[in-house]
Amino acid sequence: MVRFLVRRVLLGVFVMFVVTIVVFIIFFVGPGSADVARTLAGREATPKTVALVAHRLLLDRPIYVQYWHFLDGLLHGNLGYSYYHGQPVTTILKQAFPVTLSLALGAAVIWLVLGVLSGVLSAVRNRSFWDRTVTVLALFFYSMPSFVLGLLLLYVFYYQFTLAGIHLFPGAGYTYLTANPLKWFQGLVLPWITLALVSAAAYTRLTRGSMLDVLNEDYVRTARSKGLSEHRVIYRHALRSALTPVVSQFGIDLGVLVGGAVITESVFGMPGLGFTAVQAIGNQDLPVIIGIVIVASAAVVVANILVDAFYAVLDPRVRLH
Amino acid sequence: MSLSPGDIVAIEKVGVSAGVPPPEGAAATVIEGRSPWRLAYERLRRDRASMISLGVIVLIILVAIFAPVVAAITGHGVYEQFRTTGLSPDGLPVSPSSHFLLGTDDQGRDILVRVAYGARISLIVGVVATLLEVVIGTVLGLAAGYFGKVVDTVIARVIDIVLSIPFLLFAISLVSISHPSLTIVIVVIGIFGWAAVARVVRGQVLSLREKEYIEAARALGAGPWRIMFIDILPNIVAPIIVYASLLIPVTIVIEASLSYLGVGVPPPTADWGTMISGAQQVYQQAWWYLLFPSAALLITTVAFNIFGDGLRDALDPRAEQIYK
Amino acid sequence: GNGGSSSTSTTAASGAIANQRYAANDSGTPVTGGTLTMLGTGDVDYMDPNVSYYAIGYLGLRLWSRSLYTYPAVQGQTTNEVPDLATANPTITNGGKTYSVTIRQGAMWNTTPNRQVTAADAVLGLKRTCNPAQPFGGQPDFSTLIVGYADFCSGFAKVSATDASAMKAYIDANNFSGVSVDPSNPQTVVYNLTQPVSYFTNILGLHAFDPAPVEYLNYVPAGNDLAQHTISDGPYEVQSYNPANSLDFVRNPAWKASTDPIRKAYVDHIHVNETGTQASIQQQILTNTPQADMEWDSFVPTNDIPGLLASNDPRLSLETEYSTNPYVLFNTQSPNNSGALGKLQVRQAIEYALNRTNLIQDAGGPKVSPPLTQVLPPGITGSAPSYNTYSYDTTKAKQMLSAAGYSGGLTLKFLYRPANQMSSKMFQTIQADLGKLNITVTGVPVPNADFYTKYLEVPSTAKTGVWDLSLAGWSPDWYGNAAASFFPPLFDGRVLPPTSSNFGLFNDSTLNPIIDAALKAPTEAAAGALWHQADVETMKQAAIFPITDPNQAVIHGSQVHHAIYMAPYEQIDPTNVWLSN
Amino acid sequence: MTETGASSHRVAGTDKDVLVKVENLQKYFPVQTTSLFRRNHDQVHAVDGVTLEVRRGETLGLVGETGCGKSTLARCIARLCDVSAGRVIFDGRDITSLTPRQMRPLRREMQIIFQDPYGSLNPRRRVGSIIGDPFALHGIADGAERKRKVQEVMELVGLKPEHFNRFPAEFSGGQRQRIGVARALALRPKLIICDEPVSALDVSIQAQIINLLVDLQREFNLTYIFIAHDLSVVRHVSDRVAVMYLGKVAELAPAEDLYQVPRHPYSNALLSAVPVPDPKKSSDRHQIILIGDVPSPIDPPAGCRFHPRCPKAQERCATEEPALASVLGDSAEHVTACHFPVEKGEDLSNTSRVSVPPSGSQTT
Amino acid sequence: MALLEVSDLHVSFPTPDGVVRAVRGLSFAVETGKTLGIVGESGSGKSVSTQTIMGLTRGARVSGQALFEGIDLLAMSPKELRSVRGAKVGMIFQDPLSSLHPYYRVGWQIIEMIRNNHHEISKAKARERAVELLRLVGIPQPDRRVDDFPHQFSGGMRQRAMIAMAMSLNPKLLIADEPTTALDVTVQAQVLQVMRRLQEEFGTAIILITHDLGVVAEVADDVVVMYAGSTMEKADRYETFGAPHHPYTEGLLQSLPAYGGERERLRPIPGQPPSLINLPGGCPFHPRCPYVMDRCRAEMPPLFEVGGNPAHTSACWLSRDQVERAALRTKVVGQPLAAPAVP
């Protein structure tokens, strides 16, 4: 188990290493990188600043030295400096991170519960009216681009409500949990729903399929033959195995989300990582873009490691190997 | 003895008409060999939802192809701006009327015509990018799964890495450092999308590789390329097709999302994502501007998804458990 | 004559401005207290008065950093400069080349203990404008005007841009005669000019000339550290600054109302949320959401304006910006189409071919964006009488085009920002309009941030024909006698971008002398006449195609009273509003 | 076809008559696939020093428990996998280290029939093209010619020409196995390795296939290596039978000899465990019930591999590996690897619970 | 009264391709303490019939009767049925690996079964019992192995663990659906021995489903031969193997290599089993039957008593007189039924 985890972590480190190389190549060596220093320095930079940036990044040195410098910075938790904001990138990300985290975790809870439950029920009552309804709904939301859903929710629950004098949900922005928990919650409801409904649909489908497979497994038949209640058969025996693909998908999704729910944050103007990234892209604030891409990749990698660890907990065959 | 339900169906059908001819002697009725494709096609034919969605898809394709006809019938070009009839003096869109069936956009253009033209972009990106993903993914997945060892290790790691990269973020950054264009959008989607295909293909190949018929082919002296493309590929074509058909709507949504974020296909090209993002500014005054492109997008993705589901059930009956 | 007749308030033309009087909501007795919440989509450029150069930065500074002269929140006089920290208008001597300004006694820094704002602080402030870390963007307006300033700056530029102490050392060690403390009065600062100009008082109203406390020398100018350690002499001080997120202001105990005739400072607390989107901010204010009082750097979306106008919504302010924004820019040195745009006839043909009405529609219609047919917008000295050299006439355009040898048509590259709604709309409109003339317009979409820095400000992109047409906008650095803030940067072909904003590399031997003369004109009236001549010449040469002098539409909640729109801040003045209930 | 009797194929073992010769063959598999970060020296000793020969025209039966290395041995002989050590000589030619490319021409001479009638036929290809593969791969016939040849073979195995265009899914297990046979037979190879060709079939169908194989052998003078679980099937088809245990040959003898006088205790146990489809006889049989499980091939026991489960095991068995030799006066044809071979008439079922240490080994 | 008496059981599955008639009028009975062997080719409905009785088939159309201790299992509510499953009827299945839940320890799975029916038993007690059961089925070091996961067991051990679990509540009936098909002969012998021992000890009735005639001959008291969902022949094992009446039974036996002489041609049943969707009219075996008569094509024979023995019934139109039948056999097949060779 420990060996397994160590291996997994090493692999994660390796993946991150390659990601940094890719990022480095794309932004520093690839096309449009001719002006790295200028781009990095941001709007209104004086030639002096540009030269300074170039010097700091060792742009006058060979590529591998530059890369090593870049990596060295990363290893020391230094994601660079945003000349656009006049702030270290870490500072910017630290502000954005809680926003994204609140959004991601909340939505994840909703969609997991919603998706898994409806998936299980619809698998258990395969071909029933309920199953068909859930399947159709799942397909509908699964096909729904999140910005369409977000705009729709905004139109109804924010615009129309507010016109009607109901101020339940703000139209945009984010209140820090520490500042005002109630407002934090109110502000997150619509984004949560947007994110959760689309994902829940995918999870309903995933869970349903996986559950249908598992329900055909011999050991489920064994469980029934033991005289166990249907409830126990489904939740104790079938669901546990059916969750495996769900868990691995969940890890990946959560990782991606933690890296920024770009669309949802943009629709609802939440200053999370995704929104910050979009803004940074508009401003060509390269250090911030790079920082977010790296942080987001790291989130996915970490999520994958956690998934695998959880997998091992779930499945003794993995654990005991 | 392991039978898959799909097999059962086939066997029993043969048995039906032939009464199962004893191998030694006894006349057998001649039955035309029914390929797995044909069986799948027949299953698909019986699935009403799939057929309806196929109809819708065909309709969308027709609309895309004949978008100029739509333009001709309405007499409104895609880029044609109706500054006086299609816009208020203050530049607001006008609502649906007999003149503009679906209203106009914020440049006084006919939304009907633009939605029709928008189908072209969505379909082109949906199909071409998916094709790109599938081709790259299949080749790499095949190579990884079949050759194993170092090739597999390398490709599998690359897949891991690509899958660890937050796609949308990377895509918008990539598009933003170059000039946005249709090609870039397609290439970027392709660059990131292949990994998922490769993973699926690799998994399939890994399990197929252990199949005895592969061993049989090797025993006959077949080389690796022949095995990969004659023996393995036809067996993963079905899952690939299913995957591709489910990838198309995903790709369409991604394209629309990029356009929505302003890094997609540049104006004045008619594109659903761009239209929705434009509409976001005025939807309180001009709901039609938001509604119709959104509906077009949604209908397209729903249709492709239903069809993809149906295709999967038809091609791989195990997934939907015929016998339950 | 070298008269110092240039007063701070000569904007006679202001009466001509179409002030939409929806704004003030003045009725009732002002109430003190409450929290004013401002919603925005972005941050100030810099938390540094001597460096900040954008309206949004100025809006913040209005709260916490007082300038020598400023604009009053008085309806109809919002561009008439009045003394702020200064006790009165400057005393002008030495044939218009020496300006003395005395700073009010009792204006204090909120240091511990509180400290008087002095002339020395004003000297320090000006010195900081050309720091090497982040120099003030508006320097060209005065760099050659103030004696010794240019030399001081070029020396300063050699100092390390990251080393605050090195910069401090340079500032301490180097003085220049253009600015000094009157030896007889530590509250009086004296400016020496290289030549008399009619608009120097207006320049003194720039925040760049704000006095700066010595503590600022401990920080890198415009840096993040400084932003967290600002010192205030205005009615409010920064309580917390969360870059790109929020700004909170509370009352500055060191400020005394008696020393500040401009700011009433009714509200106790100002909270700025910088993370909204334009649409949502609009919705929140429009729907009277609590905690949504005013906009920060956001405006009413153009498409919302007609509805608000139609319902006579008292929450709307729709007032001029005094700008020419946007205008179509011709790359006069483009090699494309064998240098077609270098030919006057071709540019003129395009002037005739562009339909301003359509473009104005893209900009929200004539109420929001009244047409502008000349360089100087109404209200700027020299803009009157207004005239139109080219009225829309496609026949004429076609004729001129064939006369110029382009009857076969042209292909022009249009540089625009897809992320900018209006930019991309106007691109499409121009594409459609010029299409009728057999001119093919292809788009060159570029990211917002690259638009200036990688394209317009890089003359080589113009010279190599990366683009032919584009859109740009210009608003003056100050108001009233402000033509000097238009022509030299926009049309003086002797200076090139990025130093100037003459992105089309326009250079006209007739225009250049007129500009020189107008700059030197001793009186505003004389200057006005010359600027008008320059305007006519520029249009005759078809350097640009002006579209509109737009009105800015801003909105405030109905609980906000005495909401006066101020062009310099592009917003309602938060220091003078009061909140009911 | 009448009963000519298989005995006519039993030719005395001169070297000329040896088609396949396997010398001290070893095949180890690394445990799990290697990954970037793992070093693993564990190996499955799938085949661990097997020496035997297959004579022209004979059927060599191969029996043994699951995982004892039967298939691996077969795959090594057919050079479908690399050999870890030892030699394989086919038709006088050392093929141990030929590359796949070099092996290709030899593929005409040796073929395999597989166990799983479902897994061994590519479901996406038509029967005609499956059986046509050997011709296509070796460039023997094209177009109509190939079709004719394929139909010839099909007829030979009892398939109808009109089956040519069908897909495997449309056939029953027995028919599929005929397709597999046809494919193997197409090029008239010298050697056919039958890896449990009937294990997955029902008895009634199984008999059809066995008959087919026997007939074909007679007609084309084929040599078979016949792997099976079912000892009665092996007995029915084989001239000689090798009993394998944990990667080694425990006993090798002419079929009748082996069934009459099994020498190795394992052979005895194996034979006694086979249920007899005759209630009258089964009741008075002495079954030897082995205790414990087959040890892990990753870490096989030292000495005689069978000793932890052997009812006759003694000290020596745990340390000294017995050689494969004829014992107790058996003919040279009948070789056994045992220190304490079983006498005729000796009843092992009584001793079965005596000296066996409980097996704690796991099969993971 | 028999412990379990199944009569006229019909099970069919509606599928998109037609109705699969998996079981058609099956009847059999199991006596307490006896073993009933059910043999038949793959797909003949062996598993479906037993699983249907226990309510484990879904989506099937079922008719008939299955009286267990006099109560019809097919008419029970799911809840009642659950109280029968496990407690009164234990089941084991073919593939012992996939039949045990891979995520739970073997002991846990046994304990769950015990405590599901006896809530009063403490966990510790149940665990003791689990260890005891594992010892009973011959798992070495059961107190340690009880905490292993199924994948840590070998195939034989898994099947024995399944048996331990099925026997944990002392059921009256054990349904073993091909319990040894996936196992090696030596392991099969171990498992069968365990089953026999337990049967002796507890007097459990066993239904043993298999297609290995050898296994049936060794352990079954009575034998039911199934073909295409119907009973072809029912008899005790001596009759079945010594004097089969039904041509199908006879065919099965003759197909066995053990019955033929050394290296003789085997005598397989020609053809293949029919489709269950579209069965041939009359007797389902008629297309493959060497004795086929016109009547067979038209009419399905009921189960007739053979040779006046009520315990031996056969669904065949051929003469029910054993002597006549034997003569016919010699005439058609060319030789009498051979006796199997003992290896």
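Every chain is named by a letter (A, B, C, D and E) in the order it is written, and numbering of its residues begins at 1.
By our rule, contacts are C-beta pairs under 8 Å (C-beta built on N, C-alpha and C of every residue); 3 or more make two chains touch, one makes a residue touch a chain.
Only a predicted model underlies this, so the values are computations on that prediction, with no experimental measurement involved.
Student: In terms of touching chains, how many steps apart are chain A and chain C, taking the shortest path?
Tutor: 1
Student: If you count the C-beta pairs in contact for each pair of chains, which pair comes out on top?
Tutor: Per-pair contact counts point to D-E as the maximum.
Student: In angstrom, rounded to a whole number, how far apart do the mean CA points of chain B and chain C lie?
Tutor: Chain centroid spacing, chain B to chain C, equals 50 Å.
Student: Averaging only over C-alpha atoms, locate the centres of chain D and chain E and give their separation in whole Å.
Tutor: 30
Student: Any idea how many Å lie between the Cα centroids of chain B and chain D?
Tutor: Taking the mean C-alpha position of each chain, the two centres sit 48 Å apart.
Student: Identify all positions of chain D at which a residue touches two or more other chains, and write them in rising order.
Tutor: 35-36, 172-175, 208, 364
Student: Which chain B residues sit where two or more other chains touch them?
Tutor: Touching at least two other chains: 1, 11, 13-15, 20-21, 23-24, 157, 176, 262, 280, 284, 324.
Student: Residues touching two or more other chains, restricted to chain A: which are they?
Tutor: 11, 14, 159, 281-282, 284, 320
Student: Could you pull out which chain B residues touch chain D in their complex?
Tutor: So the residues of chain B in touch with chain D come to 1-3, 6-7, 10-11, 13-15, 20-21, 23-24, 28, 30-36, 148-149, 153, 157, 211-213, 215-223, 226, 231, 234-235, 237.
Student: Once bound in the complex, which stretches of chain A touch chain E?
Tutor: Touch residues, chain A against chain E: 217-219, 221-230, 232, 237, 240-241, 314-317, 320.
Student: Where on chain B is chain A touching in the complex?
Tutor: Chain B residues touching chain A: 157, 160-161, 163-170, 172-174, 176-178, 249, 253, 256-257, 260-263, 276, 280, 283-284, 290, 294, 297-298, 301-302, 304-306, 309, 319-321, 324.
Student: Going by the contact rule set out above, which residues of chain E touch chain D in the complex?
Tutor: 41-42, 138, 140-141, 151-157, 184-190, 192-193, 211-218, 237-238, 241-242, 251-260, 262-270, 272-273, 339-343
Student: Over in the complex, which chain C residues touch chain A? Could you list them?
Tutor: Touch residues, chain C against chain A: 39, 41, 43, 45-46, 53, 132-135, 137, 157, 161-162, 222-224, 227, 242-245, 273, 275-277, 279-281, 283-284, 287, 289-290, 419, 447-450, 452-454.
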